[in-house]
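Going in written order, the chains are labelled A, B, C and D, and every chain counts its residues from 1.
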Amino acid sequence: MNNEELKIKITELLPSAIFDETGEWLNIHVTPTDWLSFAIQLRNDDLLFFDYLFCLTCIDWTKPAEEKPDLTMVYHFSSTKFRHHIVVKSNLNSSQPQIETVSNIWQTANFLEREVYEMFGVNFLNHPDLRLLILPDGWEGKNPMRKNFEDPINMIKL
Amino acid sequence: MWSLSNISSAIHNWLNQTFNPTWAMIIEMFIAGIAVIGLFALLGLVLVLMERRVAAWMQIRLGPNRVGPFGLLQSAADTVKLLVKEGMTPNGADKFLFNLAPFIAMMVAMLLMAPIAFAKDFQLWNLNIGVLYVTAVSSIMVVSILMAGWASNNKYSLMGAMRSGAQIVSYELSAGLSILTIVVFTGSLNIADIINAQSNGWWIFKGHIPVLISFVIFIVAVTAETNRAPFDLAEAESELTAGFHTEYSGMKFALFFLAEYINVFIVCAIGATLFLGGWMPFHIGHWKAFNQVMDYIPTSIWFFGKTFFLIFVIMWFRWTFPRLRIDQLLNLEWKYLLPISMFNLLLATAIAILGWHF
Amino acid sequence: MFIVNYIKEVFGAIKSLLIGMRRTGYYFTHHKEIITEQYPDNRNTLVMADRFKGEVVLTHDEQNEHACTGCTACELACPNATIKIVTKFDITPEGKKKKAIDKFVYHLELCTMCNLCIVACPTDAIKMAQTFEHSVYDRNELIKILNKPDSKIRAGIE
Amino acid sequence: MFRETEILKTGSQILPIKQNLEGAGDFVINVGPQHPATHGVLHLVITLNGETIKKVEPHLGYIHRSIEKMCERLNFRQFIYVTSRMDYLSAHINNHACAMCVEKGMQLEVPDRAQVIRVIMDELTRIASHELWWGAMAMDIGAFTPFFHAFREREKINEIMEETCGARLTMNYYVPGGLMADLHPNFQKKVKEFITLFKLKIDEYDELVTGNIIFINRMKGVGILSKEDAVSYGCSGPAARGSSVSNDIRKLYPYAVYDKVQFDEILETGCDSLARYMVRIREMKQSIHIIEQLIDNIPEGEFQAKTKAVLKLPKGEFYSRVETARGELGVYIVSEGATTPYRIKFRSPGFSNLSALDKMARGSKLGDLVAMMGTLDLVIPDIDR
């Protein structure tokens, strides 16, 4: 399916979706509350069949001075059957960043979400195994990939 | 004049003339002990160097060439390094068993030296059940490995020891059965008798297919018994880091290391004795001149030549093949080697009874 | 037939093993194939590739002159802050002040040989040397001052 | 016999180990961070029942350098060199992905000469990487000799790289808009020599390892990863193609001049370690095929597009994907219009491939684990980044 068809199809599934076509692929903005049901449809719909989650990450828009996080989750999907792509984005609640996990739909999300959890502090609801993956055990303090993270010992400021 | 048997009998006579028989006996035992330990040290040096050279050449490398001429002193330097290293005992280990294990490994290797005929009439102990003795004593090796694995209080060591237990116990069987083939042909358990029976041809040539099969099985089984690759599951470097000797360092490790090489030497010596005629020179039918030339070569050279050839074959295995998995290892024994060697023993018995061998 | 298959299997296995042993046996006996380079011994005959990136050097000619204007393009191009240029003001014969380098400090211990400084240099003053034996006992010895004492900028280079 | 260690009592993060200790007959061993089979600092906590694996749990981060964060303060020329250190065995290909992403954002036209040279370099890197994998994997399952034989050929590639790029491992040869330097005059001659040598030696690999009965038994039916699982776990590269998942980026979404050369996407249907092994062995032959087509047809011209001294990416998001030796590498740049990326994400193939290890390993023997890790071809800095 090309972008226009995808748009029509996705609007059927989720009327509240906001589209953005500036990038290489079709970008879809969803709210965190809609995300889980939408994700299930993306995976299981016969015409969409997005079975390959090839990139899952988070962007931190927080200015260094601010304390409240301002995060966007970004999911890149592809279909091994139809070879079409979409990018799903979801802006998280700035006071309490949390979103439903998709690790039971796409297994690869298990590790990727754990990475985002420790690096950005996003809480994935119902994740089967939400523990630190990369950071050392007993890590306390801020999430390293946040823009307001500071480590006076290891970070060299120029 | 200068053959080993003449030297030994000369010493024996001189001792008996000088001292009373009891003292002579004690001194002889002492000399034998020193000789065995000396041989051990020498073999350790030579075999380690040989292994490294074989490995290097097969791996398109040069091998040790820095210490001494052609790197000949490399293993001596290694020994010095191991000697001066700290011999650590882990805190959680069972200290007594941990320190005992390498010595047991060494003692077993020493015991096995007794019935081996190094040259014509040159044997520490001409035991009437020599072959049985060898198979029986070599099984004790597993005790030292289990002891080391258990006492280390290390999970890798324990797994290595358990693997090695399963492995040695199973491969004893086919090694024993393939030795039995020769015993059936010879009708004797005495090693000297077995060698004498090969004066008109080695068993590998005389014994038709059954001996050939049992020779192959013997080589495979003893490779497994001595924990050499491709059967080095007890060490399994890429799985268990170093297996049963993970926690050993310094001289204690060196003893295990040495014991492994000595064991390889001994099983190859047994193989050479049973299948390749021990110290018997190579003779071809009625070629008188050729046979006489062969007789001029000292018997000890024949023995060591054959043994080192077999050691080379075992090293060749090691540097060519990947390692087996534990279940495949046991499959190989129980599904292939054991049935084949049992059938082979039956065939050998039939041939021996009917007198079809040469 | 079970027995036939069994025997075939055994012989096939032995054959495959013998093929492997033939290969290692070939190399055991053919010592011409040995590829070992005996490094410290062949130091005199060792030829490094002419583009090999060993360390940054400032080229000086016979008059002890170099081409560095002190423009700090290399300093800006360096990702690791490897280069630090200390400038001074020379008095030209006409009595004018002219910017020139005082010290071209090069931290070899930070350098990743990425070649970006060489590319950035507008006057081709620095280049990569083919040395590679950089081990020293003290880390401070790796901090090098590349301009030789009393060296001057070559005439005509702006 | 196995006492609880100090860590067990303090950290809440180690809880699963404690649970496992309580399970009857369970045996927990730590493979890594220092272990001969992990080729780096991977830490696997393995729960065993006898020799059978019940669970594999990777603990990462021993070589985490936060390359993504580092890149946020490096400009678009500088950040490329850091990515050589991620998957150091396919350094060129990583650099290619980054350079491509910047070029995409700036809409730079890369000269044909640079594109062709990039493809040749990528394929040489792929061969070098697969060579090292082949040797290391054979060593994992106990055969030491192949390691040295593989290095003999890899050394030739390294020499070619050293001559043209000036380094042997982390070359930093690609810049946005083309290449850092033109080819060395000897390049074509040396590559042709290498092709002749490689074709001679690749059959030896089959003699030494592929045909060996012990090897086949060690690999066959080990580490089964079904097609559905491979997609679901986000596996890519040979790990997925061994399960007949078609995902070769070079074929599906061609970049550089991959659409102009003729090669096959290697698919195996075995789903096991042997299939993954065969994919890589056959891929090396395909890479040689690609190089053969291009080596005599390098177009003349510029090797670098004209670029400004300071690169600025327009505001927006850019994603580029390449096929490294281990699978799909994605570079996701979020730009705010500055000279440095605002956020950069590397979708590394090893990370996703590793996540499938637990699924593959359950129920097999400890000895199989090294075979599986070998055929996944894990490079730890690629996983940790």
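The definition used in the following text is that a residue touches a chain if its C-beta (ideal position, glycine included) is under 8 Å from a C-beta of that chain, and two chains touch if they have at least 3 such contacts.
Worth saying up front: this structure is predicted, and the values here are computed from it rather than measured.
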{"item": "Target subunit C, source subunit A, minimum contact steps", "value": "2"}
{"item": "Chain centroid nearest the full-protein CA centroid", "value": "D"}
{"item": "Label of the chain whose CA centroid is most distant from the centroid of subunit A", "value": "B"}
{"item": "Distance between the centres, which are taken as Cα means, of subunit D and subunit B, whole angstrom", "value": "44"}
{"item": "For subunit A paired with subunit D, centre-to-centre distance based on mean C-alpha positions, whole Å", "value": "24"}
{"item": "Averaged-CA centre spacing for the pair subunit B and subunit A, given as whole angstrom", "value": "63"}
{"item": "Where subunit B touches two or more other chains at once, by residue number", "value": "58-61, 319-321"}
{"item": "Multi-partner residues of subunit A (each touching 2 or more other chains)", "value": "158"}
{"item": "Where subunit C touches two or more other chains, by residue", "value": "17, 20, 23-24, 35"}
{"item": "Chain-chain contacts as defined at top", "value": "A-D, B-C, B-D, C-D"}
{"item": "In the complex, subunit A residues that touch subunit D", "value": "22-25, 51-55, 57, 59-60, 74, 76, 80, 83, 87, 106-108, 110-112, 115, 131-138, 144-145, 158"}
{"item": "Contact set on subunit C toward subunit D in their complex", "value": "12-13, 16-17, 19-20, 22-24, 35, 49-53, 77-79, 112-116, 119, 128"}
{"item": "Contact set on subunit B toward subunit D in their complex", "value": "55, 58-61, 92, 153, 155-156, 159, 163, 229-230, 232-233, 236-239, 241, 319-328"}
{"item": "Touching residues on subunit D, where the partner in the complex is subunit B", "value": "1-3, 27-29, 35-37, 51, 138-145, 147-149, 152, 208-209, 212, 214-215, 217-218, 365-370"}
{"item": "Subunit C-facing residues of subunit D, complex", "value": "74, 77-79, 81-82, 145, 152, 155, 159, 162-167, 170, 172, 175, 180-181, 184, 204, 207-209, 211-214"}
